[in-house]
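In structure tokens below, several structures.
First chain A sits with chain B, and in the next complex the same chain sits with chain C.
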Partner chain A sequence: MSGKLITLRGLVWATLLESIRRKDLYVLLILSLALMGGTGFIQFFGVSGLEQFLKDISLFVVNVCVLVLCVTATARQLPREIEMRTLFPLLAKPMSRAEYLVGKFFGSLLLAVVALALFAAEFALIAHIGGASLGWIFAQALYLRILSLSVVVAMVLCLSLVLTHSANVVISLMLVFGASLFSRSINLVYFELEETSPLVGKALLWVYYFTPHFDLFDLSEKVVFDWPPVSWATLGALSLYGLAYTLVLLVVAQLIFRRKSI
Partner chain B sequence: MKDSPRSAPPLLRPAQIPLLALTLFAVALAGYLGRRLHNEPVSPSLFTYADLRDSDATPVVALLGEFRANLSYLLMMKTEQYLHSGIRYRPLTRREINLGREKIHHDFELPEAQHAAHRETEEAAVYQQRPGEHSAQSHDHDHEHQHDHKHGHSHGAQMVPPPEWDRRGIFGHLDRAVHPYEQEGEIEHGDTREMLPWYRLTTYLNPRFPKAYVIGAFVIASYGGKLDEGEEFLREGHRMNPESIEVKEALGRFLLHRRRKPAEAKPLFTQAIALGRKKADLTQDEIAALSSAYSNLALLEWKSNRDVPAALAVCREGLERFPDYAALERIQRELLALPGT
Partner chain C sequence: MRPIEVENLTVYYRRGFGKPRLKAVDGLSLGVNEGEVVGFIGPNGAGKSTTIKVLMGFIFPQAGRVSVLGHPAGSVAAKRGIGYLPEVAQYYPFMTATEVLFLYGSAQKLSRKELKRRIPALLEKVGLKGREQEALRKFSKGMLQRVGIAQAVLGQPRLLILDEVTSGLDPVGRRDIRDLLLERKREGATIFFSSHELTEVARLCDRIILVDEGKKLEEHPLKELLDRLCTFFITFRSDGLPASLSKGAAVDSPGEGLLRVSLKDNETFLRTLDILRSNGAEIVEAGTDRGSLEEYFVQAIGGKIT
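What follows is the complex of A and B.
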């Protein structure tokens, strides 16, 4: 293995361990377990047949926990290294800034994927106990979620170079959780503006094209309601979209990071 | 030494984690025990807008009442989503309506669809009986009161737009592929039994929500196959909403068609009509319930009480209020065609 790869692997591993040591993951796991398990309490209200309800609430909790963990953990990577000055010995290895950024990206992504795997296992266990079935579409949902996490990590890393930590977290969470609302509303807003303000409508549509569409990676509703798996063409298109977006964001991040005085 | 590296404090200390878990468990346990110990329904005086404006409403009642009422409306929306296998709907905008975009219309074996489809068959079945009898077939069906859905039920538009409305290109196609979306006629509706918890929760949160009781009782009785529970659910709705035209009409209809208890059903229809007389501004649901109360009372007077003049009087009053109500017109026509009238 080349020296650069060994260095990169070390950085990825260190990023993962540092995040795990902070215990945020454990707290969220316990919290999510309490929330998901808490849905079982509803049977005491004398109702049964709650498989979809259980899946609905549990998947919602999984998605929220994973995304919050991913955003908050990634957002503190660069500012913390700069603030604590641990960045300098790393860059003196020698390690280029691009390699450092890639290492941080994969480290954060690995953390997010590990968290997703744990939450998904927790969800699958609770769904199994609750008698809910999880089809092939659940595997597709996990795959798309990993793709979306790669876009989220790249975006948060990129924003962490230009925004303060708090601003980065807030804006990233807004983009991640507001994506669905924005996606649906843009079509309607464009339709309403078509006659009165066509230019504004067009401009909004272009804004839409260039903003990340995290909602497209969310198959939760289809999992909850047992829809058939999506086509390979759709998965392929979304894979291309996710990877391209991640790559573009990482390139932009590198361009900013290269010129940034530390 | 300055700027010694310090890691940021963790969200929770390890010692606090069991405490958090214990607290959550205690809250859940308290809720469960509270429910077990206090089986009486929550006071209905908590949850209507008018209640919240009462001068003696405490801040706690005002805040929790409003919050719980809002939550119950969200739950009803969730129920709608469950009924349609996860598909979300939105109302049409004024411009969309002006451009002739139509509501999604279903013609399926759904509670609302079934009642509407059965309305005419039930009434036809009733006409063919001798006065004083109810056919067994007619008792198997109940019908809700959404007269605007003659052959199904309708919604606004789907939240995920169809291709002809969508300007987002490839993103629109992907949106339709990854989210629940109904192409024409392909929808498979969810298990209606799955909706029961939602109706139950909705009414726990807001006992002053007549529609939840009316639709919930129908689902419990028709799809859960539990007539007793359906009736109890409606009776609870009646206790909680004594001034609701919809609940009175629904309970009356339940007792008349499913329980064959015309004597118990009549006062409910009469009260619903009396409430309708007093109210100037009726909602669409109330209009539907009121018109149904007239037609059911007319049928009851005719078929159960054999009182044709009373049935005709109900028809006349009903048609004065709802001149275009075809079902009532037909009953009146049939009544007038009887020998001796």
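What follows is the complex of A and C.
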């Protein structure tokens, strides 16, 4: 194994180990199981035809739990390392700051993916017990969720270099959960202002394109209503979009971090 | 090429909006030779840790040139040969000592096989045998310092940069770490360390560099300095002071009718001894007072020790 890969493996392992030993994952797993299980329990009272409701609520719980875990765990990585000074002996080793950031990125992403896999397994089990079917669209939804998580991790990591931990968590969660609302609002305001104030309209258009559209990666509604799988072309385009955003955010993070005094 | 070369280093810290910047290091120049052990001493806030952070590439200076092992400070090439101990570090509290050394070892590109061989021996050397599988959150400050020293020497570096190396260690711990550092010195490693424990500095160093307010005040080979600080004394009983006794000699009375004369060099000491004997004085005691580094330190920084 090459030297860089050994370092990367070490950093990823340390990030994962921290979250496992802090028991964040277990707490959310139990909480989500209780929420999804509670929803699934309704059918035992003779209420039928609630498969869609069950899927809708359960998927919402999965998405919220994974995103909250992903944002909070990623946001604390760098500030905590600086605060506890664990960063100093680590950066004193023969690795670049870019390697460190990439290690933290993959560590946080792996944690999010592990959490998503566990929550998805929970969801599939509850859906199966509740008699709901999950088609190929569910696999696609999971794939796109992983892509959006990579953008989220890169964004939170980047913001953690300029914001405090709490500010980062709040802003990131607002950006992630408010993505769809934000896009729609900007669209509406843009069409209103396009003719009256073209300059403001143009600025809004830039903001629209500049902000990551997390809503594009969300196939929850299609899973709930058993849609057929989306086309490969759409998946490919979204993959490129997600990877490009991740890459740009990581490059920005590195540009900030490379000359940052710690 | 010397392992550490610093020329006209200047570092400012921002103190907040509207406030003037704080000059932490002010045109500091220093060098450390291959295989040398250099103690970097000075009062709190003298700029020692800032200089060390610049050497490690953690902070970026406003002016000056810094090279470590022939490479720019903070570069991967420089860090390949460095073992570093930070001033205060807690390490990962959720990990065990073995796990944390595996992490630091992997950051040094050491294979698992190599780490499995090195880590148990190293933990034994720093006195942590039997505690390898305990979580670090249960460790005392001294034990964490031992973990820190273990991670610093794990990659068998050519250059050790240690900030407050004996901080939090008990006397046994200090001895263990001193032995470990002396062993590294015998193997040819260069050691540059800061410490407030001047006894340890005196036991380990070949040379000391004294800094205050970000500037270098003095630097001396330790042996030369200790020789300079050394004084000679003669305690004797006599009816009066012989007239031929050198004028510069400091004489006091420790009591019981005794007189004590303090002298600066060996030659004057021997001459004075002859004069006293020829004048019929009864010599009670004669010898040397080893100078203390602490006294030198306090005098050199003008009693500003904190």
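In this section, the second predicted complex is superposed on the first by the 256 of 262 C-alpha atoms of A that agree within 3 Å, B and C clash if a C-alpha of one lies under 4 Å from a C-alpha of the other, contacts with A are read in each partner's own complex, and residues count from 1 in each chain.
Definition applied: contacts are C-beta pairs under 8 Å (C-beta built on N, C-alpha and C of every residue); 3 or more make two chains touch, one makes a residue touch a chain.
Please read all numbers here as calculations on a predicted model, not as lab measurements.
**Q** With both complexes superposed on chain A, which partner does A:Glu221 reach: first (chain B), second (chain C), both or neither?
**A** In the superposition, A:Glu221 touches chain B alone.
**Q** Once the structures are superposed on A, label A:Val114 by its partner contacts, choosing first (chain B), second (chain C), both or neither.
**A** neither
**Q** In the overlay, answer first, second, both or neither for which of chain B and chain C A:Val251 touches.
**A** Touch status of A:Val251: no partner.
**Q** Tell me which partner A:Arg85 touches in the superposition: chain B (first), chain C (second), both or neither.
**A** Both: A:Arg85 reaches chain B and chain C.
**Q** Mind working out whether A:Ala139 is in touch with chain B, chain C, both or neither, as first, second, both or neither?
**A** neither
**Q** Is A:Leu31 touching anything from chain B or chain C once the two structures are fitted on A? First, second, both or neither.
**A** In the superposed model, A:Leu31 contacts chain B only, not chain C.
**Q** Decide which partner touches more residues of chain A, taking chain B and chain C as the two options.
**A** B
**Q** Using the touch definition from the top, say if A:Arg22 reaches chain B (first), chain C (second), both or neither.
**A** Both chain B and chain C are touched by A:Arg22.
**Q** Thinking of the overlay built on chain A, is A:Ser96 touched by chain B (first), by chain C (second), by both, or by neither?
**A** Once the two structures are laid over each other on A, A:Ser96 reaches chain C alone.
**Q** Which holds for A:Trp13: it touches chain B only (first), chain C only (second), both, or neither?
**A** After superposing on A, A:Trp13 lies in contact with chain C but is clear of chain B.
**Q** Identify the residues of chain A that lie in both the chain B contact region and the chain C contact region.
**A** 22, 84-86
**Q** In their complex, what parts of chain C are in touch with chain A?
**A** Going by the criterion above, the answer is residues 56-60, 76-77, 79-80, 82-86, 88-95, 99, 102-111, 148, 151-152, 155.
**Q** What part of chain A is in contact with chain B in the complex they form?
**A** 22-24, 26-27, 30-31, 34, 38, 41-42, 44-53, 76, 80, 84-86, 144, 183-184, 186-188, 190-192, 205, 208-209, 213, 215-219, 221-222, 224-225, 227, 230-231, 234, 237-238, 241
**Q** Over in the complex, which chain B residues touch chain A? Could you list them?
**A** My answer: residues 3, 5-8, 10-12, 14, 17, 20-21, 24-25, 28, 31-32, 35-36, 82, 85-86, 93, 95-96, 159-161, 165-168, 170-172, 174-175, 177-180, 190-191, 193-194, 196-198, 200-201, 204.
**Q** Taking the complex as given, what residues does chain A use to touch chain C?
**A** Counting only chain A, the residues touching chain C are 1, 3-4, 6-7, 9-11, 13-14, 17-18, 21-22, 84-86, 88-96, 259, 261-262.
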